[in-house]
Amino acid sequence: MSILVDKNTRLLVQGITGSEGLFHTTQMVNYGTNVVAGVTPGKGGEWVLDKVPVFDSVKLAVEATGANASIIFVPARFAPDAMFEAADAGIPLVICITEGVAVQDMMRVRNYLDQKNVRLIGPNCPGLLTPGEAKVGIIPGNIAIPGNVGVVSRSGTLTYEVLYALKQVGMGSSTCVGIGGDPVNGTNFIDVLDMFEHDPKTEKVVMIGEIGGTDEEKAAEFISSKMTKPVVSFIAGQTAPPGKRMGHAGAIIEGGAGTAADKVRALESAGVRVAKHPEEIPSLLK
Amino acid sequence: MSILVDKNTRLLVQGITGSEGLFHTTQMVNYGTNVVAGVTPGKGGEWVLDKVPVFDSVKLAVEATGANASIIFVPARFAPDAMFEAADAGIPLVICITEGVAVQDMMRVRNYLDQKNVRLIGPNCPGLLTPGEAKVGIIPGNIAIPGNVGVVSRSGTLTYEVLYALKQVGMGSSTCVGIGGDPVNGTNFIDVLDMFEHDPKTEKVVMIGEIGGTDEEKAAEFISSKMTKPVVSFIAGQTAPPGKRMGHAGAIIEGGAGTAADKVRALESAGVRVAKHPEEIPSLLK
Amino acid sequence: MKLHEYQSKQIFSKFGIPIPKGRVAATASEARQIAEELGGRVVIKSQVLVGGRGKAGGVKLAKDPQEAEQLATQILGMEIKGLPVRKVLVDEAAAIDQEIYFAITNDRAAKKPVIMASAAGGVDIEEVAATHPEKIIKVHIDPLLGLRDYQARDIAASMDLPREYWKDFGTIANGLWKAYSSTDATLAEINPLVITKDKRLVALDGKMMIDDNALFRHSDLSEMRDIDEEAPAETEARKYGLSFIKLDGNIGCMVNGAGLAMTSMDIVKLFGGEPANFLDIGGGAGSEKVAAAMRIILSDPNVKAVLFNIFGGITRCDEVAKGILAAMAEVKPKVPMVVRLVGTNAEEGRQLLADAKMITAETLADAAKKAVAAAKGA
Amino acid sequence: MKLHEYQSKQIFSKFGIPIPKGRVAATASEARQIAEELGGRVVIKSQVLVGGRGKAGGVKLAKDPQEAEQLATQILGMEIKGLPVRKVLVDEAAAIDQEIYFAITNDRAAKKPVIMASAAGGVDIEEVAATHPEKIIKVHIDPLLGLRDYQARDIAASMDLPREYWKDFGTIANGLWKAYSSTDATLAEINPLVITKDKRLVALDGKMMIDDNALFRHSDLSEMRDIDEEAPAETEARKYGLSFIKLDGNIGCMVNGAGLAMTSMDIVKLFGGEPANFLDIGGGAGSEKVAAAMRIILSDPNVKAVLFNIFGGITRCDEVAKGILAAMAEVKPKVPMVVRLVGTNAEEGRQLLADAKMITAETLADAAKKAVAAAKGA
């Protein structure tokens, strides 16, 4: 068992012939992920790695291969269209790795995908890893082993640190979900915490947050009211300078929340143990 | 019993202080319709007919009066906004009388209202009449009496002819629904036929169509496959000249359908008796 | 409102769709001058708001400016389906490899804009649609989201358009969507969109229709209306917001509501008469509008009788009666009039008309019969 | 990207929002000339991309052109929060009756644009938000539908704006929505929107921020960037797509991923060091980008040690190693370097760096400790 992706996931790669797409498709295939198709407009009919057929459109790829999840590696200015295309082709799970998608585009994408009940992970995220079953993203496969720890994170490489630290002490994870750090994204902490709470394979949860926004605060509320499984957390940016503010409006809309100290306080009040640095997490899980 | 509106309908009038809004509000109130509120931006706090409070916005009107249906009399260029406003305020039934709403506006309105599960009647329609209970629109109240005939029509004044002809021979109607003749509207024949099929008060149905579009053809299919109650019809425009065509695209999109003869043929094949002129309808219902 | 080919193509060009070089001319010497500027072969295309002008000889190829002048003289002297040709478009001629059909219009059943495209474009597209509907690709556009780039690619792929043209086709699709949506068009059609022998995509012909109900926000487009192409009565009718179509019969009809207006025509015909027009005064017409409607009807010398059929709802019968009286005082009609008033304020209306010596009727059938009889008796 | 007040107001004006008459000046004599053209009293406003300029004395009222010149001289000589004032906006002075706050920004929690408005506008709006949140009206906008007219009216009504201003407020709201949506803004703020004593609504001050990720479709806005307002290192970083913020410490940090970059700073501090910068090379950085990052770090004379912490995912450690080597060959750094490479192609990366005499580390904590020690030893 696992959440979101497993051995039965039939994965499509949008942007499969680009340099990133091709590199990570190779990694995913080598990991054992069931990559059934790729899409690059204008390259339909080609093959990747001698085994993955390339199509001109998501619709054609889905018709031919029954793909039921799609991962997006296309450049930022084309990524919104790729997400719309996947949603319109009926794909229920879309993972967008692409970094730098414009925020007004993302608001349109998110509102449209919600209407279609499409689950979006990302953008600007490392994707998903269910160790031993499926790697759907860019998390290096060799840094994690199967286990009972569910990992959810807003940060990319910081997630790798945590998985790596867990592996060093022989701890494995059920599924690792990188939700991405963009202001408007597809899936938030609460969505994933809820999945972990209902996943029989997951016994403990690690949540990796960072400064900005109020997702961690909301997660703390959710943990204290809805979760029975223990949660350990780390919040990045404790020493970050206040940085460039979004004028008055940013302060008003978030009501002064969003600092690392606020988040740590909220999480600790919810019974979450918060690590001082990522490598401290394994000991807090014991 | 009846469909869509009855004595319990709490009606809001958008554009209540305009000349049409005021005239027909008076008619509706005199008929006994439960008009609970009106909206005219900038006139909140006034009263109409010494009994209907006017609000600046639909939201305020709904909060204050619990209105659960809205009728729109505002000019065409403001009507789309009025429909969005009613939908966003949570009103589940919106009747738009206004004629001349731009069709691209209506496509946006219809797609948005569908997302919100709002039932829209019209635009460019005479509205609803449940004789003896509620007049929600501009159908003259004195031309129809309560009875067991459900009437649905794309045409305004032609509907009056039919109700009037029924009344002349002592026949009454359960509810009369004017769905309007615009190319893109809120409710079509099939929606209303389905409601009549399930309405215990309705025993027979009159459907009044006209040339253009393919709604009558689709209704014929629905009648033959789903309806048990007898349907009588009239199609206006049997002698109309082909008129001004919408280029090639219009012909292609509708595949040559839409003439009166096509519609009559489809309906007669579905077991519908089609009248030669509206005043012939009562005899076909007997 | 229909736009001319040259107007449609100007709009296309504004949104990045490639069109042939060319200009419109009102005289043969202007046409010659344009041909000189363009150099090479040119096409002389009559600008009239009806279809089938090619088959009627309204489109000709000229090999040089001199021939351009000759052909322009000839075409500017033509009538096509009753409409005199007042302008010609002089376009550089294209060497054509393939003709594509490409349009955006409203799909009333789907409540969405729809793209239609076919690799088998050109003048016979309607026949293609009838005999090989699978050759017409239809893709709906979400009206809240607009055309997506991937949709344009899907269309290009479905048409088997060679990949080298996909990028340009995407630009054209995006331009056509913008042309359609920003002008409140009901139709934006390129037929043909050609692949030239030198491997370019060019919109060789264009047709746009604009939603009259949306012209309030497009004053620039309203000015494009070519009133030379309308019967004067229709221009006058539009000025008053009346929906009017002239027909060949002798019974003038004034009705409120399009459905009832068509029905009134149907019944006139059912009882042996011939309607002289379709005229819908619309909902809530005031007396001024009614008076205008009556003047328009009576301006037709064929009219031997007039049928008024008003079933008041949003329209009030007393307002209609006032309009009839005002127009009668002005025009002093000599033909018999049959009037039927029912519904909102019908009683008040009838009282106003009591002294006007009009034939009254109770039912629709009765009114039609009386009008037919009156027209025959006159 | 932040825009200056004068740039923001130019955009507002383009979308129909009334702004005061005025122009920007780079010298005191220009300011005097503008004041002469405007006549009457003028406001001299420093154009710097930081808040609080009013409280810092960067906004002054001048009664005549002579005083305008004096005050402009004074303000153009100022520094506000470390930024030199290089331009002033000279605006006609307004007689103010009421100050309104009115902005559109992104609500990340709601995933929608949000309008915020308050009848208690002006410099103390943040205090109002903190102490009287009920005085701030928030209305979300459907991103697929855009701002609806009724929403603008609802806001006007909720603010108790007198009805005589509703129509103009609607125009301004619509203009602000267009300014926000057509520029890919993350913020479009009018504060204050004033009611003048002669009963007009005028946007007296404006602030816009543009989404850097959307600048690819706004070349006109990209040109508005004021690089005078940035540290040169930040300008250089942006050129290479690096996210860089200079800090006051002495340990240069180069990390991939914002979260890991912040964490690396956190750990450096946890073990007693002070980071010299935040630097995220982003995902999938190639060697050229890495070399640029290294040059930027080493251009800071405070830097006594450099910490490289790369956990390869989309970024490949061998590419990073190549970049480090390229930069080292060029810059020939004299400070110690601590490098930690883990993840995708880490082994290849380590091999490439084997001869480069760098301090290597296995864990994050280890790397931070070694960097802190190296900086102290240097």
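Each chain carries a letter (A, B, C and D) given by its place in the written order, and its residues are counted from 1.
Following the convention adopted for this analysis, contacts are C-beta pairs under 8 Å (C-beta built on N, C-alpha and C of every residue); 3 or more make two chains touch, one makes a residue touch a chain.
Note that the structure is predicted; figures quoted are calculated from it, not measured.
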Result of counting contacting C-beta pairs for A-C and B-C, higher pair: B-C
Chain of greatest Cα-centre distance to chain B: D
Centroid spacing, where centroids are CA-atom means, of chain A and chain D in whole angstrom: 27
Inter-centroid spacing, chain C versus chain A (mean Cα positions, whole Å): 54
Inter-centroid spacing, chain B versus chain A (mean Cα positions, whole Å): 49
In chain C, residues with contacts to at least two other chains: 142, 144-145
Per-residue multi-chain contacts in chain A, two or more chains: 108, 112
Contact graph of the chains (line, ring, star, complete, other): other
Touching chain combinations (by label order): A-C, A-D, B-C, B-D, C-D
In the complex with chain A, residue positions of chain D that touch it: 2, 51, 101, 103, 105-109, 111-114, 116, 125-126, 129-130, 133, 136, 138, 142-144, 181, 184, 186-187, 189, 191, 207, 209, 211, 213-214, 216-217, 245, 247, 255-260, 262-263, 265-267, 269-270, 275, 278, 282-284, 311-316, 342-344, 363-365
Of chain C, residues touching chain D in the complex: 144-145
Residue ranges of chain A touching chain D (in the complex, touch as defined): 20, 23-24, 27, 76-77, 97, 99-108, 110-112, 124, 126, 138-140, 143, 153-161, 164-165, 181, 183-184, 208, 210-211, 213-215, 218, 234, 236-241, 243-253, 255-256, 276-279
List of chain A residues in touch with chain C within their complex: 41-42, 44, 56-60, 78, 81-82, 84-85, 88, 108, 112
Footprint of chain A on chain C - complex, ascending: 142, 145, 148-150, 153-154, 157, 163, 166
